[in-house]
């Protein structure tokens, strides 16, 4: 069964308890369940991870090259500062869908720039945890179209 | 049956025949069919329109206030230049999902700025016509959650 | 009786129902009445119009050349994006007073720039519908001075 | 009888003799008479002052807190450079109408930015001395509405 | 007989009467005659149009795809603000020659940027109505070379 | 007994009554008492002053050269606009500690730039009146270390 | 006994041996002792840590939520580049005092911007190791005021 | 017989052999022939020159004052960097038509700025060697109109 | 005997004792003597003043209108921040020569911009006190030429 | 035998398999061999490392202080974003040669800025793996010159 | 007898005949005479040159190292574009006084930046040919002071 | 024997005597010797030239097309200002290695931009005259690899 890597960046481990007015009350475990349900619809296994370390996220993307069919990436704040994550995405050659819980264009100006977007397949933002399910659907459609 | 307005901006009438390397070979009629199928899954009627006139797009958004439950908007090039469309979205108070066929962040710098994004519910870009279906799914989930 | 064109741009048709916390509860009809009262004080007829179409606003300004003594213009969001309206004002050679319901300098940065201001006689902003009456007073004084 | 402070900033003492092509031939005494006439229409006393000293303008605004119902402020060149005047306006909590004799948006770029506008009730510019009368009218309408 | 679309944007209908110091005394009808004479030299019919509506200009470009061999476009002020016109030019795949009556580089800074130039075959500016004839000559040479 | 000049800039005379949500309820007299208590702990006399006049603040700094061991400076809004205060600090060669009641980095962008900071010993901001006491402590430690 | 986290970022482990002309001769152990003495005055335990890893600093801030009453943070160079640290501070909801040994405003331009300052309680910079003691004093006063 | 100076700047001597994908296969001798043919149509002699030296181009423009009726100038890369050439054009008071083989607005951003355009009669770009003939036509029409 | 106003701005009273490495060891009295000697050569009386108050400098310029033949102005730091001084110079219509002791172009970037230069007759900087004598010579030549 | 640290940053572990059109087909092991050969020529041992973790690269530089004679650093994408690496280089006081496989100035604009270059001995870029050997030669010459 | 090099840049050979409204009616020969008179007063020979070639100006500065006591440089338009002239001045170590006929700060924005000013002894602008005499006076005073 | 052109730009003729603290004490003759030694190792003849004239450097690059196998270019200050040199490099199609004696990234901001780098094979800077030898080595490896 093909597997999708769902990779979460810094501070997402606090989801549900962190600024719920901004990020909602669903926890990262709730997001995982939502992803697994969506994966099941497409016949994908889900490898769900989180790290606060930029280097660990890069390592995870590198590993994905041999193991996964695609990536759903919520890079959190590294979205706005990490060229290294951008290069990792270019390097592994897998389809990557960028997800954000909030509409980053409706927040502070420094959140409007994404280093990742130019090398991602596409971006989905502003729909909360539901965005992860949409991302898996998008990946499903993309991989079906590519095969 | 609640209805969704799917509103398409300038040059989208040429879809399928316009720069297919960038925009794909599906026509706007294909997109309409895709939207109607997605609408059906959520019990939405689809009101599907296109105009090259900024004023006509504003008029259509104004009408939507009394008739539609939500809007999927691909404002095309007006995305990058129209404050008037932004104000129309603020004025009507409906949930609006911004869609783009291409990943606008991976193209020319002047396409990175969206006047619409800060007042939209969220944005989906880069997945071709499939993005419209995802937008209707996002709207379905949002309206279900809001009811 | 000399006539003044009072020209309103995009989204102003929704006045009174649109974001009342920002734009107040007076409708465009209320503004028209206020203008007619002010016009009467100066012996002006009032030609009061609104359009969401940039081209229609330009057409209206062109017509004004032969018919009106001056213009009160609330170009709404086109204020910030339309060089064509600026050029129309330069072209017709009539005195144009720019009006805004809100204090545009106290809002988002993109509302601080007016393409129209450099070719207008003057600007009045921040006084709600009352600003239209002040604009007609200003025009009255200007036309009296110029005659 | 409620009193309005009409406060004039640097170089306005030279009015009438200073660059008449730009600023006109009316003197500051003419402007005072015009303000007193306008005040009379609204039942306002007029406290009319001028200083070339930024600190003296701040002192005058502070005093106004206990004595005046509102302020008409032509801060002259300090408009473009003084954050301290902005803070004084915020501090005193009175309605302040910003006035300029000339259309500052039609002049050099450094005159387009007003530090005062974001904390003023509104701005009137481009109508010469007449702008002071319009400002007093605006203040009259505002104070009538607020009472 | 192959036909050339000569498309004129906002405010050009006022040509000859609009700021003659800047734009000259020739009317748009004079320009049409000049174009027809130039067309005749190359064996082209001339379809000569003007609109103040951005959307109408886009519609006209779309129609040109099936009917015309090339386009001479003076987009007026939309040159500086319209990404939608740029996209229309890319979409139709016809050779488009950009023309301006005045030397836009010798005027205000906001007139230096052309959204259209990067997708046009070339640009001719500064030669008044004569520029239209040069544009038709350029198109003639281009089409002769391309056949 | 060595003396410290505590110098307060524009609008600080209104402290306690000015926008208490931003600046708190302590008055400038309360701040003076707090400074005198802190001074006592270090064996410093306190010369506590306020002016709304940039020139008067410069004069006070000049006088300090002969009379004071160091300066605590809250230049208020002049922080962001006065190169002359910066030069006065460089000129007198005394250690100057910059204090702000609020965290200027968490406010409007124009408050982020301090002309004074590059020539101050250090900066303390965001701790309300307590910041003055911390500044005197910092000055005490610095003067003790320097002796 | 309430505990304060004193968290040190990259390169601070080299303190005392690293560019002493800029950073002084006190070692990080000296700073720890200074903090413990200051903590004792307020009845705080001190949890003193250093890491060169951005992710480890984020992890430490997350842990602090359950264990510490407040944070003194010298994020070193990550101050200028890390949005993830900013988000971690927002997420944990503890009072954080930003400290820098040097006056960052008196150094290279890229050190003037702090991603952390807008979400910190306040900032203290330029006083060398003494700044840590001032920060603990500020935290002590804040926590006393908040209880 | 009046003479036109056709002046070519740096690297144009390599035309035809230099990056033909960008600049085409016509040599500078071919361009000269094309100019002479165009000149003949207008009764102009052609003085055709090229230099890689900015100073030599300035010297040539100076000489033109006494000898030529007008100038066609392709300044190559000096277009983007030379204020001295701009000043030379202003100094000699002859009509100068700026020509570029390629559409400089469709190339790298640093080629979009022309120091020469603001003082030229007009600009023609994007039509390859044909642009020189158009420039001579434009000059012919201009000189005919001016006589 | 015609009189020249030599007007000195903030911090210049400290000359000779203020950062002598930058500003030299001559005092303001030395500069006065130098000016008087230069004035004598041209038959000018010298009115030599200094103030740290922007408003006082404006007042002095206003007075000059009736009393002096020209002005030598070293506005110190107000050079870089005062639009009000600029406007005062425009208002009085006297020839003003701007002087700086140091070469302001060789110092910090914020000293490169002069608000005064665009309305001054000319500028002399970098020659220390000698610059004042050169300025009086320049004024002498100018007044001789103008008479 | 003196040892050189050759330190490689993020994504360089994928060398040879990562975008070979950009980065070539040599693996990191090939680069190591090339470095060891170059080291041998100069009598240097080579300590060759790679990490995707910014913090680990900083740790490695810190260790180098006691163990190595110099550093060859290819910081990959951290080159463009890491002030912490810059500070680590300043802190350790060893000669550091910056190397890049590609010519970073010929790629995207965000790759043109190097945080490391200002504190490095020098930079070598664009020569592929060969650049490492040149860097070791440069270090050899530098250390020979410095001894 | 010590000699001064007076070096004139591009287009200055046309002085007197070039745009006399801007540059006046004195010719370069008149300026030479003025310089020789001024030189005589100080006991300087004058070596007066002009070239339109940047390289020739650099060559002249190099030669000056061995032959001249100082330089008066009017680099014309190269002032704004030539880093090479700046480096030549740094390289030769002679005092260089920068002169401009016009007040470059009162002209177009691109003339406000001088590459030469930061390495010149000082600058004199706005006084026409008289500025050359003042520059020689300044050089005379400087050389007298330095000996 | 294949020949390498080593081309040196403005002011490099003064090497050894020009600001030795920045550029070292080796003369250009020393650099030539170093290049000849390096060339010999690779079997290259060395054609070593210098000019202060931008046009002469362009001429030399043009000649190289027929005579040399590659170029080592130290364009000095023209690096930062010359688009014409960039275009010459593109035009001749030879491998060009850019060399700088100093680390241009560690100097003034205007030296950070190289017009040449984007079209060069690679860049070597910061290693003094040794950089020329490294450049010849790089060229040797490149030419060996390309054959």
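A, B, C, D, E, F, G, H, I, J, K and L are the chain letters, set down in written order, and residue numbers restart from 1 in every chain.
The criterion applied here is as follows: a contact is a pair of C-beta atoms (placed from the backbone, for glycine too) under 8 Å apart; a residue touches a chain by one contact, two chains touch by 3 or more.
Keep in mind it's a predicted model, so treat the numbers as computed, not measured.
Steps from chain E to chain L, minimised over paths through touching chains, total 2.
Chain pairs E-H and K-L differ in how many C-beta pairs are in contact, and the one with more is E-H.
Looking at which positions face the partner, chain F and chain I present mostly different ones, since fewer than half of the interface numbers are shared.
Here the C-alpha atoms of chain B line up with those of chain C after a rotation of 120°, rounded in steps of 5.
In this assembly, the C-alpha centroid of chain G lies 48 Å from the C-alpha centroid of chain L. Mean C-alpha positions place chain C and chain E at a centre distance of 31 Å. Distance from the chain I centre to the chain J centre is 55 Å, each centre being the mean of its Cα atoms.
Residue positions of chain A with contacts to 2 or more other chains are 53-56, 81. Contacting chain pairs in the structure are A-B, A-G, A-J, B-C, B-E, C-D, C-E, D-F, D-I, E-H, F-G, F-I, G-J, H-K, H-L, I-K, J-L, K-L. By the touch criterion given at the top, residues 9-11, 13-14, 18-19, 51-56, 76-78, 80-81, 110-111 of chain J touch chain A in their complex. Residues 103, 105-106, 114, 117-127, 130-131, 134, 137-138, 141-142 of chain B are the ones touching chain A in the complex. Residue ranges on chain D touching chain F, taken from their complex, read 53-56, 58-59, 62, 81-84, 86-88, 90-92, 115.
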